[in-house]
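Alright, structures below, take your time with them.
Shared between the two complexes below is chain A, which pairs with chain B and chain C, respectively.
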Partner chain A sequence: MNAFSYLDLLNLLGPETILVLTSLAALFVDLGALRDQPLPRRWLAGGGVTALGGLLAILWLTNVTAQANLAHGILVVDPLTQLVKVVLVAMLLFTVALSLRAEFTEHVGEYFCLLLLATVGMMFLVSSEDVLTIFVALELTSLSLYILTAFNKRSLVSAEAGLKYFLFGGVAAAFTLFGLSLIYGLAGSTNLREIATNLAGKGTDPLLMVALIMVVMGFGFKIAAVPFHLWAPDAYQGAPTPAAALIASGSKVASFFVFAKVMALGFAGIEGNGAWRQFAPGWVPVLATLAVASMLLGNLAAIAQSSVKRLLAYSAIAHAGYMLLGLLAMSNPHRRADGMAALVYYITTYGLTTIGAFGVVQIVERTGGDSLENFAGFSRRAPLVAVCLMVFMLSLAGIPPLAGFFGKFYLFTAAAGAEPGNLGLLWLVIFAIAMSAVSLYYYLQVLKRAFVAAPAEAAIAPVVSFMERLTLALLALAVVVLGALPAWLLGPIADAIKAAGF
Partner chain B sequence: MQTVFFYVFAALTVLCALMVVANPFSRNPVTSAMFLVLTIVSLAGLFVQLHAFFLAAVQVLVYAGAVMVLFLFVIMLLDLKEEERRKVRKFAVIAGGLAVAIIAVLFCTAIGQTTAGIGVQPILEGGTAALGELLFKHYLLPFEILSVLLLVAMVGVILLSKKDLK
Partner chain C sequence: MNVGLEHYLVVSALLFALGLLGVIVRRNLLVIYMSLELMLNAANLALVAFSRFNHNLDGQVMVFFIITVAAAEVAVGLALIVALYRKRETAHVEDLTTMKF
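Coming up: the complex of A and B.
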């Protein structure tokens, strides 16, 4: 038991502290000062307070360089975690910018408070290597997101989605906790690196495998991998659109990052083998199965969707499958840094793209709904937004020179090179490439409606605020620039990984 | 002796927990709440076996005492009637039973074949001072995160349960 200075702790947790205080400020400002003001002004004020806090947190993260590992990994702060936290806060800011014209609720203060606290949970999730803190942070994130999903109290769909998300999440959390306690019993430690050391001689002990599967269940739920994906389409469809954007972006980033850490650090030594016809038990074949199932079901089910939000949900499931390839690439300790770099690049660009896509869906929703028919002739009604939609959809499909293409490229090369010499995971990479070809069909379906189909007679031009235009344009620009100049993001990621000694 | 007690309390916990959600004799929510008290008390027994005496006492005082009173208050205030029996679907029962059986078989074989782990030495011998030391030094951060979690729960409950007047 090592004591540490509370002042050090506060210094390391500056950004999180700022965000927690901002969440309280958002509550007080809205409930105290602005109670009788008109709703648009309250949204603006709440969003302003939140954005201010977010910007301060980003300033802190980029300017205060600290590296520490407190109390056996309970708090780990290094350049890599700081970088991922910047990404998380940026995603929060984009979500906030898209919610300023929202009309789904009158509880403005609570909405921003929960957005901020969900982000705080994700930040804690990222900067920990101790399963206890990881579990607590996971619960903080999940609980905030359940409430955000059910936030629209005028809609039955929202309540149903919230309940479904909550029940699935509760069961998944129970399985994770059970698995983690089995591991605690087997390894006698909650620190990921110590777990790996203590489990070294265990090989493929059956109880260890049971624990492994249980842990994978919980994280599989968070990242919406098949067969733990059942909540995702309902939650994405039922949740207020900006909240769905945060669930699809920030929560994904944090969950994948911590999932990768748990697998690569905590279960180092029991990777098993996922190479074709050389399967050996361990976490690699388990995750490979999840990846194949997610890519297959996600892409095929997306084709049949008529609601674009559901389509994005199934596309998110498919993308979770691709991203699992990044985790598999980390199974080789010597190539771990490559896999991590590819994964962080992919989740960052994917998150930005998804927020943009949900932003466009939100605008289309104002003209009636989010079904494919509502997209008909969208390019003639809102040209700029339609162009942004095209960028996002093509990036999700992985068309060069957009960020989605380079994300997939790095991810697939990292996975193929995980076992140098014998290209063990090549079968999975080939499958992933084939599936991304399938995905092009439904992304183009949306674009076909928007650009080719004639608008319905009664179609009205949607109202697009300046802030939304700016946000969507920024996101689209980011997707194009990060695709054209991937080194701008990959360089810092690689430096951070090197500095973190991952 | 220890092992016997462990199995007794563990079986009691699981049995009572089962009765909370699926009591074949009564559908009254008050009965469920009473079985929840029994579950919590059996859990406290397990804590005693882990030498966490303070935790066991708190478990009984706070959960079996205070929290359960609140539960009962809510049940009485809402004036809940006997829950309606849902029609049991045959397919759901068969599928669920099959899944549970497979998991049970997997578990039993896994536990039968496993070698004992390192295990965990109890780091606390029941005292409150040692517990406080641990909570506010080593585990300060998770402890603080939990307080934020409670804030989220509070905001969420008020938000979801409040009637929108306008």
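Coming up: the complex of A and C.
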């Protein structure tokens, strides 16, 4: 282990340090100074403190260029991780902006503190290439999100959702850990790259396959891939809407990024083969199976939903299936950078879109609930928000020229080109395209209610605050611009991947 | 008898399986939590055994972190039970059926 000074460490961990201090500040400001103030003022103050910390962290991330790999991958800082961290903090900021008018709790300081801690966990997750820190960061994220899910004390379903999320998460964490311990035993190291080196030549040891499946189970839970998805619909429906937005966006971004690293770096050499009629055991066929199951079940179950939050949850499961294609594209070491670029672009745009969608659902919820009926005639009650909803839904469905289309395009191209010379994963890509056509049906169902159906007699116009209008408009604008000019995001991603030497 | 790595691994796999069985068949949340702990401790045992037989201390370091994380996890889990109990007056998983499909 090479020696390093604490000042360097502070330099590398500046953004995380800022966010941890902000989480304490949010707690103290709320509990100390604002205890007797009216609730809206406390939300505003807490949100202000959090936003300030987030902006500082983004400033630090974009201006301080540091590159290091401390203690064999315990902390890896390179342009790629910095970029993903900027995305994570941006998602935190949008979530905060959407929670300012929340009424589900009086524990404002704790709420913002947990949002920040969850984000810090995600940032550490992105920065680790070591089994130990991956596990600890995963748990920090998960534990914060369990509490956030159960944060709505007034709702009957919130605590139940939190508990289900916790139980599934606990089992998944145990599986991950057992799998990782077996891998540590087989490889004699906790560093992902060393694991790959030490495992090379072992072939398909049965114990290794067991370990691989267990690790995939754990991460499959985090990204909500079928058959480890059972928590997702309940958690999305029961959680306070801004918390659900963070679970659906930031947590997904970080989990997919680290999942990709674990698979592509840690299990390099035991990819196997998932090409049509060329099956060979390894992680590619395992993930291909998960992808098929997720796309199939996610899209078909979403059609039957009446609660829009549950619909978004099943759509998230389907999208996890598409994103797994990005991981599969990384199975070829020579094409790894393409797969990573497509994956990061997709999760970023998907995260922004889904936060926006949850923001709209939150506004509709104020008029009575989140079922499809509550969307009836929404365009006449809140035209601007309805237009934003249209942008988000069409982007999720993958309609050009929105970001969702280009995300899918790059992802599918990368997956199809992963094995040059033969058809490789083309069967999976064709299946994914067919499934995205299915998904159009339920996204249009929501839009049909909002734009075509007549509003109910007693329908009231929802109260929309300025901050919500601004956030939703910004998100919709981002989805349109990133779709029309994908190079604005893809360029930096490609540069970062090249600089990181991924 | 000479106790080797495989003996430790068999015990740890048994503990893990028992824990999983407990999570699946038990109905009381507190017992489920205990079973969850058993699964984590099975992993701990495997880590310590591997660490000793690989002559590499990383595994033992990891165990300390896992013990801490497991404690935090149970704290959060118990808090969730309290939150649920206030609303429903139950600690049984059969009663968690408000949301389905």
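Everything that follows uses one rule, which is that the second predicted complex is superposed on the first by the 502 of 502 C-alpha atoms of A that agree within 3 Å, B and C clash if a C-alpha of one lies under 4 Å from a C-alpha of the other, contacts with A are read in each partner's own complex, and residues count from 1 in each chain.
Quick note on the criterion: contacts are C-beta pairs under 8 Å (C-beta built on N, C-alpha and C of every residue); 3 or more make two chains touch, one makes a residue touch a chain.
Model, not experiment: these values are computed from the prediction.
Peer 1: Determine, under the contact definition given at the top, whether A:A454 touches first (chain B), second (chain C), both, or neither.
Peer 2: In the superposition, A:A454 contacts neither chain B nor chain C.
Peer 1: Between chain B and chain C, whom does A:A161 touch in the aligned arrangement: first, second, both, or neither?
Peer 2: second
Peer 1: Kindly classify A:G185 by the partners it touches after superposition: chain B alone (first), chain C alone (second), both, or neither?
Peer 2: Both partners, chain B and chain C.
Peer 1: Could you look at A:L7 and tell me whether it touches chain B, chain C, both or neither (first, second, both, neither)?
Peer 2: Once the two structures are laid over each other on A, A:L7 reaches no partner at all.
Peer 1: Which partner chains sit in contact with A:A174 here, chain B, chain C, both or neither? Use first/second/both/neither.
Peer 2: In the superposition, A:A174 contacts chain C only.
Peer 1: What is the contact status of A:M209 with respect to chain B (first) and chain C (second): first, second, both, or neither?
Peer 2: first
Peer 1: With the two structures laid over each other on chain A, which partner does A:C113 touch: chain B (first), chain C (second), both, or neither?
Peer 2: In the superposed model, A:C113 contacts chain B only, not chain C.
Peer 1: In the superposed arrangement, does A:E139 touch chain B (first), chain C (second), both or neither?
Peer 2: both
Peer 1: With both complexes overlaid on chain A, does A:F124 touch chain B (first), chain C (second), both or neither?
Peer 2: first
Peer 1: Report, in rising order, the residues of chain A that make contact with chain B in one complex and with chain C in the other.
Peer 2: Shared contact residues on chain A: 132, 136, 139, 143, 146-147, 150, 153, 184-185, 188.
Peer 1: Under the definition above, what is the set of chain A residues touching chain B in their complex?
Peer 2: Per the stated touch rule, the residues are 1-4, 6, 9, 13, 20, 27, 70-72, 74-75, 106-107, 110, 113-114, 117, 120-121, 124, 132-133, 136-137, 139-140, 143-144, 146-147, 150-151, 153-154, 184-188, 198, 202, 205-210.
Peer 1: Under the stated contact criterion, what part of chain C meets chain A in this complex?
Peer 2: Listed in rising order, the residues are 9, 16, 19-20, 23, 29, 32-33, 36, 39-40, 42-44, 46-47, 49-50, 53-54, 56, 58-59, 61-62, 65-66, 69, 72-73, 76-77, 79-81, 83-84, 86-88, 93, 96, 98-99, 101.
Peer 1: For the complex, which residues does chain A have touching chain C?
Peer 2: Per the touch definition, chain A meets chain C at residues 131-132, 135-136, 139, 143, 146-147, 150, 153, 156-157, 159-164, 166-167, 170-171, 173-175, 177-178, 180-182, 184-185, 188-190, 233-234, 237-238, 301, 304.
Peer 1: Over in the complex, which chain B residues touch chain A? Could you list them?
Peer 2: Chain B residues touching chain A: 106-107, 109-111, 113-115, 117-121, 133-134, 137-142, 145-146, 148-149, 151-153, 155-156, 158-160, 164, 166.
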